[in-house]
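One structure follows; several queries about it will come next.
Read from first to last, the chains carry the letters A, B and C; within each, the first residue is number 1.
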Amino acid sequence: MKSNQFQLDQLAQLIHGQPIGQLNYVVSGLASLKQAQSHHIAYVKSEKFLSDAEACKAGILIVTSDVQKQLKNHSNFIVVDNPYLVFSQLTHTFERKITERGIEATAQIHPSAMIGENTYIGHYVVIGENAVIGDNTIIQSHAKIDYGVEVGRDGFIDSHVTITGEAKIGDRVRVHANTVIGGEGFGYVPYQGIWHRIAQLGSVRIGNDVRIGSNCSIDRGALDDTILEDGVIIDNLVQVAHNVTIGSNTAIAAKCGIAGSSVIGKNCILAGACGVSGHIKIADNVTLTGMSMVTGNILEAGTYSSGTGLMDSGHWRRTVVRFRQLADVPLTKLAKQIDHIQSQIESIESTLKSRK
Amino acid sequence: MKSNQFQLDQLAQLIHGQPIGQLNYVVSGLASLKQAQSHHIAYVKSEKFLSDAEACKAGILIVTSDVQKQLKNHSNFIVVDNPYLVFSQLTHTFERKITERGIEATAQIHPSAMIGENTYIGHYVVIGENAVIGDNTIIQSHAKIDYGVEVGRDGFIDSHVTITGEAKIGDRVRVHANTVIGGEGFGYVPYQGIWHRIAQLGSVRIGNDVRIGSNCSIDRGALDDTILEDGVIIDNLVQVAHNVTIGSNTAIAAKCGIAGSSVIGKNCILAGACGVSGHIKIADNVTLTGMSMVTGNILEAGTYSSGTGLMDSGHWRRTVVRFRQLADVPLTKLAKQIDHIQSQIESIESTLKSRK
Amino acid sequence: MKSNQFQLDQLAQLIHGQPIGQLNYVVSGLASLKQAQSHHIAYVKSEKFLSDAEACKAGILIVTSDVQKQLKNHSNFIVVDNPYLVFSQLTHTFERKITERGIEATAQIHPSAMIGENTYIGHYVVIGENAVIGDNTIIQSHAKIDYGVEVGRDGFIDSHVTITGEAKIGDRVRVHANTVIGGEGFGYVPYQGIWHRIAQLGSVRIGNDVRIGSNCSIDRGALDDTILEDGVIIDNLVQVAHNVTIGSNTAIAAKCGIAGSSVIGKNCILAGACGVSGHIKIADNVTLTGMSMVTGNILEAGTYSSGTGLMDSGHWRRTVVRFRQLADVPLTKLAKQIDHIQSQIESIESTLKSRK
């Protein structure tokens, strides 16, 4: 709820909507239907929210034409086709922008590094040999851009991010705080009871318009590269192991883990805390529900799940006892056996009738 | 096991207990029953640990009156009602305190930031515009306190913590190393095959006496705020998504994840690695056992679980095959069918008998 | 794929293999069978990869004698007994080494700290009172080595690592970026509806040749120490709670969590995202498959699993409904009842026959 002042007609023009009501009405922030006050603009996602919209105190509502006609308590609107999409655009108008530009005196930049125009390099940032930072990119305090790393233009790298392993990152990429990109993959050969380290020689390649949340680990490849294609979005605390490939526009929610060398298709959605084993292939357009465990290839688009629902613990304990018995109970055979028994009984009954 | 020197009578006074034995006996550390030596004080949680207590070499034991009467091998005691609680208080006596105060010359503090009395601001800390740090608060090296963030008094912020998104944090809050508070929520609108970013305009509000472990991510809200009420305690590597509310005195163990807009009640306990879906409501006084998956509201207090127990992998593989068959085996119908068959047989048998 | 120039005979000598072909053939990098070009050396793990090897464009192949005899398209080889192990050694030859030595002027080192010979201490590193850094150890930028911490020789500590709690770390230990070692354990006593903090007085002891990935949390003990024995390897985003002991040469994959006071044996393997409850004992030589949930002791070596496989979501929903019914369906009793019914029917049928 940032303080910028906008008139109804200004905002309507900005979002290509139709203004209705008092055109010079001023709002200074976006808010949810619940929290909005008269100095806010809010949006009504669909007719489902009609009653919330009526109760809402927002000064202006972004609505569809259908919704607008049904609202009695409001007089200021911007009418658009897709209020939710328009709302997402408006958030950028009300967002506080980072306006600092230039290189803080405390940043340590190797003489061989190339820093683009109009960047901001924050306090205590360390940029290594041969690193490249594109135009307009913002690197927040304490970030480490190691040897040979390249970050494209219009990027945002938040504080305490570590980018190493000669990672190459595209344009308009956002990396949130304390994430590590290009760290060493977990490659060890067991031999005579000891783990022998495989130095990781691959890198990380990240496309354009990628978003990575906070506290993520995206490892460099062993020999070939770990790859995130254009438009991939990743939430917080996600593990992407060495040599994984993630197809374009795939979304990965918090706490997922993708093990080594797995290939995830385009336009997939992984809900929170899913685990994907190593060397797995997942097709395009696959959705995994939360906490799914993937141990085999998924070759067809669709929605997949695993796990068991929540129960009160008493019920759950009894259920799990039975679950453990399943291995020794031939379920489908029993079902057939019961059908067979049923027909035997009918045959006996008819015998008995015939002998009456 | 820090070295401070205390006499038996001093400690007894400190913890409001009854001293028994050699009142000037000196100990210099707390230790567990197993590891304690003669210069240690240890505690006996309950009668369950009587034999461990007898074998223990501690110079002084903190005990209940009942336990004290049963111990033959010891002569120095402090008798209290709740030894475990008293032990928790004594740890603070033996803890090494951070005594540094003042602002290190290398800290970068924006002129508009307000720093309270008696604080410590460590090396390479960066504090942004309009930030506020309360009295007696300790900010360890490399922390980033971004624009508009407020931290209350008597706080502890460990190294490499990033606090951004104009988060407001209460008094006596402890945030452990490398945690991120106020990072951008994972808000994207899908439109024409592309993810459109929703700039996150909400913030994070954290009450008093909250504890957050290391490597956690607590995201700022989309429009409204993410809220942690007073007394919430959170372990390491926990994800709290945008617009989540966590009720007072709720405890969340390591590796849990709470998805967007969920509301967790007061006095709840989430054991390790639980996952809570988005837009879920959990009542007060709910306990979740480890790795529980919550995909629907929990409206009543109680203990809940999900998942299946551990088995040797051979047994497990057979079990899972049967588990997958469950969908096609009408269990409760089969059970009824068997009862019906049983009664049919009994009827046939009585018919046969009557015709003898 | 780092650029170093090596002749076939040089490499053969380095890895104690038998050179075959053009002895002065020069390669400048290691690559996978798929990506290799003529300036690369690649390895053939086993006969399983024969057709990939034939199609591979590498200038030199590392092979067993058996594999060498079957390859028609190649002429330059190094013949060894264990190509995979030899490959792991060769990665170190082609790895880019960190050659910086000395202490950057921006590092803040307490006068009482002891820094060994031939170390590198990066920009903005902070090293506290009484800390010790062994010979040849590399500490990357922004790392925090807190009061009383000791790191052995030949170590590698990456950027933004926090080591605190007076942790003692052995030789040849690698700690990857943004990991926290020695943070405060999650110890609280509930009393009168409030959580009372137990100050953590134990430390962390890490043996030799240990590897810890990025974004991990290894907490200090409550009274005794958290212990990682020699040769333990840990992937990213792993939680090790206070007072855990992990036996030598145990490997822990990404996203695992080990709760307080659990003891894991030697030579165990935990696949990704396993959870181990507190106060659990796991024997030596135990393997857990991915996402396993361990809530009881594992006293025998072997492979263990939990969870349920992935299904399409429709099938999964029906399965879970049945799973919830299991508690009320006495499976093994039903199976026996069916057998009993079957014998009753047979008896009836024989009665009927005898009366024909």
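In the analysis below, a contact is a pair of C-beta atoms (placed from the backbone, for glycine too) under 8 Å apart; a residue touches a chain by one contact, two chains touch by 3 or more.
Here the structure is a predicted model, which is why all the values come from computation and not from measurement.
Under the stated contact rule, the graph of chain-to-chain touches is complete, every pair of chains being in contact.
Rotating chain B by 120 degrees superposes its CA atoms on those of chain C, with the angle stated to the nearest 5. Averaging C-alpha coordinates per chain places the centre of chain A 25 Å away from that of chain C.
Contact with two or more other chains is made by residues 124, 142, 160, 178, 215, 237, 255, 307-309, 311, 323, 326, 329, 334, 338, 341, 345, 348, 352 of chain A. Residue ranges on chain B touching chain C, taken from their complex, read 1-2, 29-32, 34-35, 82, 84-85, 87-89, 91-92, 94-96, 104, 106, 122-124, 140-142, 158-160, 174, 176-178, 211, 213-215, 231, 233, 235-237, 249, 251, 253-255, 267, 271-273, 290-291, 307-313, 316-317, 320, 323-324, 326-327, 329, 331-332, 334-335, 338, 341-342, 345, 348-349, 352. Chain contact summary for the complex, chain B toward chain A: residues 108, 124, 126, 142, 144, 146-147, 160, 162, 164, 178-180, 183-184, 186-189, 191, 193-202, 215-217, 219, 222-224, 237, 239, 241, 255, 257, 259, 275, 277, 288-289, 292-296, 298, 302-309, 311, 315, 318-319, 322-323, 325-326, 328-330, 334, 337-338, 341, 344-345, 348, 351-352.
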